[in-house]
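Shared between the two complexes below is chain A, which pairs with chain B and chain C, respectively.
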Partner chain A sequence: MSQVARQGRRAGSIRSPLDAWALLAMPGFLFLVVFFLVPLVRMGLRSLTDPSPANYRIFLESPIYLRVLWTTIRTSLIVTVVCLLIGYPYAYVMHHAGPKTRAALTVLVLVPFWSSLLVRTYAWTVLLQDSGVINSVLRDLGLIDEPLQLMRNTLGVTIGMSHILLPFMVLPIWATMRRIDPDLVPAAESLGAPPRAAFRKVFLPLSLPGVFAGCLLVFVLALGFYITPALLGSPQNAMFSELIVNMVSERLRFGVGSALAMTLLAVTLVLLAIGSRFVRLGDALGGMESR
Partner chain B sequence: MSADAGPRRIGLRSFAWLVGLVLIAPTLLIVPMSFTSGGILLFPPPGFGTRWYVNFFQSQLWTSGAVTSVKVGVAAAVLATVLGTLMALGIVRGRYPGRPVVMAIVLSPLIVPVVVIAIGMYFVYTDWRLAGTMPGLILAHTSLAIPFVVVNVSVSLRTFDRTLELAAQNLGAGPIRTFFRITLPLISPSIVAGALFAFIASWDEVVVSIFLSSPLVRTLPVVMWGQVRSSIDPTIAAVATMLTATTVVILSLVMLAQRRSRATR
Partner chain C sequence: MRRKIWTVLAAFALIGAACGGGGGGEGGGGEQVTLTFVSYGGAYQEAQTKAWLEPFMEANPDITIVQEEPIDYAKLVAMVESGNVTWDVADVGNDFGLASDEQYLEPIDCSIVPCDELQPDLFPTTGYRVPDIVYSVVVAYRTDAFDQPPTSFADFFDLERFPGKRGCFNWSAGGLLEMALIADGVPPDQLYPLDLDRAFAKLDTIKDQCVWWDTGAQSAQILADGEVTMGMSWNGRIYDIQQEGAPVEIMWDQHIVTADYLVIPKGTKNPEAAQRLIAWITSADHSAELSKYITYAPPNEKAVDKVDPSKVEDLPTTYLDTAIGFDDVWWDENFDAVDTRWQEWIQA
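Let's turn to the complex of A and B:
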């Protein structure tokens, strides 16, 4: 204690005028600028100069590129709807469950959230391929003669991507549900509303911000997926990221690849910017983000 | 609750459990299949053995990938933890213009599509002679891991009881002593958690690593990516099992750290 007391006169100095705290953020800030931001900016420049801004006219070059764009948007929409249909009831049960069930359901969502995307996608190939687990079981049960085509198509991509993106739907919806005043639904019911109406008129509207946040996040993340469509899809339903990789690493058209990447980046940022005006994206990062 | 709530509730609950089961089933199913004694992955496996695990440890390709992954992961986690913790302090405690910009840049690695990051880094790191090298992978993974540390540490900085710091200062401690004796011990569990998340972020990273790897320097997921597309070798299942096991162990450590942090409040 006496040691501490000796420094007493310095006690007020924690509020120094020009923030010393700002200096602490500098090394990490500079690191991200050099090793993360500069690559993106240089890629943007490259899309305009290697050889010219005409790189962006790639979409006019062949209908294939527009088709890939459409496949990407369509797949992302399907995945968003699937995640919503599964994620909303899941979050609802999590919200209303007792502490133990809730903890178990949370872990079931979070463990896949943190386990390797490549491993999970690989696991789906083991389940879905022609000689895979699902087809083997169905054949052994005598339900099918020919294996069902479960991957190398939109179905496989949808299954794999929905599995990986579900936490991004469940967590924001659940976060919003937790903020709903728990007395509101019983109040509506005590005033004579049947449970169904109390849900539809009171609970559901209040949970919609979470629904919007979840849908926005799932859709935007889905647009940029690479590993899962590459393993579970086929060249016929390739997604935008696969096109970018193909352009850069197989066709070596770096300028065009940069232009495609900038397009994807721009779409992502614009959607998030529009979305963040309406919803709390902080919720979207679920348990990781602060209130 | 009125009459029809009961069955509906049970239906909903079973649905949620079913979804939860489907969420973990693929990963769990790989475990028994990786212990197959057969030459290809069949279900059910014809017999069980550790043949594919032995194969993993005897293969130069796989083991060098694992060693690279551990080195890169540890280095990136250490760098990200130091930089990220300092940034969290600067962001939460600082009062200066431009803080939102700093925050946006910190979070951007979570938002920018990974293929876009990979291509951008590939071009620039090639110019800087960092592509295909261990330092290149470490620097790339560090930038991807920093957000996890910043988010974890900022949450704990925002939520802990600041009267403890004021009390220390009232008792005469200077800002530096207050930081090391009060603040740092209180946020240390979240720093540990952030470091572990940073390691997982590096350990599981594929797309950026594909572009920054070379035949001599390849992380485990990059080796796996090459194998998954070209072969049906059950060693991949063994690797998948070991990758998952590592993640589960690390997540358990995170939960322990977080429980301790709650206990110290």
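Let's turn to the complex of A and C:
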């Protein structure tokens, strides 16, 4: 059995790309073409033809579209930074912990993957709202008179989104750390580097590909959020996706909605292009792969 | 190897053709017809099933009704545009089914649907929709928050006599603009066209006290949790939390009455059966049936006194003398402009 598999793998070398192994990728490839690429192209065409490219003038008609686009980018940046500040030390501890602690830490960071986004967001509401658990406890302890504003503002949005996106930061960083030669830091120390310098000059630079990968993943995913900001933020925290939904589902202007969606896609691609100057995009995928 | 790829491709193409071309195909007299009814889901659609759909199927053995949820206008429009209409009767809000949507709808057949009994002055239609249920946009308040209960939209905006946060619907056409103008002294019969400058100026006075909600569930939850002392909601949602024991009352002294409507997507394969179902639901005999299962009232004026006696106090039709109506036709013509202005205001 294992020999067959090995032979199969050997056959799957670069020389003959269209062998049995490549065929395995066909359903996925076809799926993407039929359900992603074709609709995407049609949406792009629609933004130009339903009724005309004047759909893109929507950005001139009202200042809200550019304002919300900026809010979306700003929120995504804040969430990315917060995830990094929490995620890097977390991954570092995971990397150095014993097997049991590491298993526990892995489960903790994966739990958000196993529960629905909506349920988690409502759970945050129960914790953060004026009459919520945190404010009630603080008030009962006599620490506050007026409830703290923990949600319906940028703070609430940041808490909710960071919680959901944290795994996408932790896992690539941890995967990169695992690939760092474990002898390098002791080697640096044996040559006289203090622990802090060994970390800064050896470990940190080697872990940077994971950091960039995590930041890209979190940032790009954050750009498309809207339910969490709608529930934990205020209308001022509305994200660009919400405007797209409004345009398509309430105003039924599919052409303008397509133009908004294509704009968000274009902005995402531009930001990715800028990001890729600092890191090869393949590292982002490589990081996830070794999860 | 290459031939295998083509086999796979051919299989996919076949599946695609089957999906695209299949479905429907009824017609001809006396055959079994399958109608697809789409509504908002949840307790509402369950009540519609018990009150109307199941009795209708019993009385019409040749018609089977299957259901979908939730209604999505964009999906309905996309179906009609693609020519693959799989919904036959749809329950929509008061913001759909007027002039700007007629191109996607079949006209209602008033020779079998009792259009005249469905109070067209209160529930506007241009012939492509009829109301099936009546509900109200209401102000509800915590009974433990005030000594004197609020009695007007003006009280909703009075933060001195009625302190505390307000639950506000984050949707331009949801009723808050109308409430602001009436609170500011505009007589209800002169509400439209809405004076937006005046409305937003009034709204500015409570803006920082508003807890904005997007869904009916949220509107009721923030009242039940005590996040707000007073809030906009829909009467059915408040009834639900009252049953669960929340100390919340509806202010029936002033409310905005409106309806959900039934429409038939253009190009349905079963137009005749769809018209029959709508005629059944809106008839004087059946319009009040829904009130047995949920606190929504009948739009048919001849059915108002047939509602479930135990729910009379909770139905908007009992308080029609204090009700204000939406001008859905004005909204249909002005929604885009008003909604853009609303978003600019709420984002600022």
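Quick note on the criterion: the second predicted complex is superposed on the first by the 232 of 291 C-alpha atoms of A that agree within 3 Å, B and C clash if a C-alpha of one lies under 4 Å from a C-alpha of the other, contacts with A are read in each partner's own complex, and residues count from 1 in each chain.
Keep this in mind: a contact is a pair of C-beta atoms (placed from the backbone, for glycine too) under 8 Å apart; a residue touches a chain by one contact, two chains touch by 3 or more.
What you are looking at is a predicted structure, and each value in this text was computed from that prediction instead of being measured.
When the two complexes are overlaid, the chain among chain B and chain C that reaches more residues of chain A is B. In the superposition on chain A, contact of A:P63 is made with chain C only, not with chain B. When the two structures are aligned on the shared chain, A:V248 is found in touch with chain B and with chain C.
Shared-chain residue A:D130: touches chain C; no touch with chain B. Of the two partner chains placed by the overlay, only chain B lies in contact with A:V38; chain C stays clear of it. By the touch criterion defined above, A:M26 lies against chain B and chain C together after alignment on the C-alpha atoms of chain A. When both complexes are overlaid on chain A, the residue A:R200 reaches neither chain B nor chain C.
By the document's definition of touching, of the two partners only chain C reaches A:R152; chain B does not.
When both complexes are overlaid on chain A, the residue A:A238 reaches chain C alone and has no touch with chain B. Common to the chain B and chain C contact sets on chain A are residues 18-19, 23, 26-27, 131, 230-231, 248-249, 254. Interface of chain A with chain B (complex): residues 1, 4-8, 10-11, 13-14, 18-19, 21-29, 31-33, 35-40, 42-43, 46, 86, 89-90, 92-94, 96-97, 101, 104-105, 108-112, 114-120, 122-127, 131-133, 136-137, 163, 166, 189, 194-196, 220, 223-224, 226-227, 230-231, 241, 244-245, 248-249, 254, 257-258, 261-262, 264-265, 268-269, 272, 285, 288-290. Residues 18-20, 23, 26-27, 30, 34, 61-64, 67-68, 129-131, 152, 230-231, 234-236, 238, 243, 246, 248-254 of chain A are the ones that touch chain C when the two sit in their complex.
Residues 1-2, 4-5, 9, 12-13, 15-17, 19-24, 26-27, 29-30, 33, 40-44, 83-84, 86-87, 89-91, 93-96, 102, 105-106, 108-117, 119-125, 139-140, 142-143, 146, 148, 150-152, 154-155, 158-159, 168-175, 177-178, 197, 200, 203-204, 206-207, 211, 221, 224-225, 228-229, 236-237, 240, 243-244, 247-248, 251 of chain B are the ones touching chain A in the complex. Contact residues on chain C toward chain A in their complex (touch as defined above): 1-2, 4-5, 8-9, 12, 16, 72-74, 77-78, 95, 101, 165, 170, 211-212, 214, 218, 222, 225-227, 335-336, 339-340, 343-344, 346-347.
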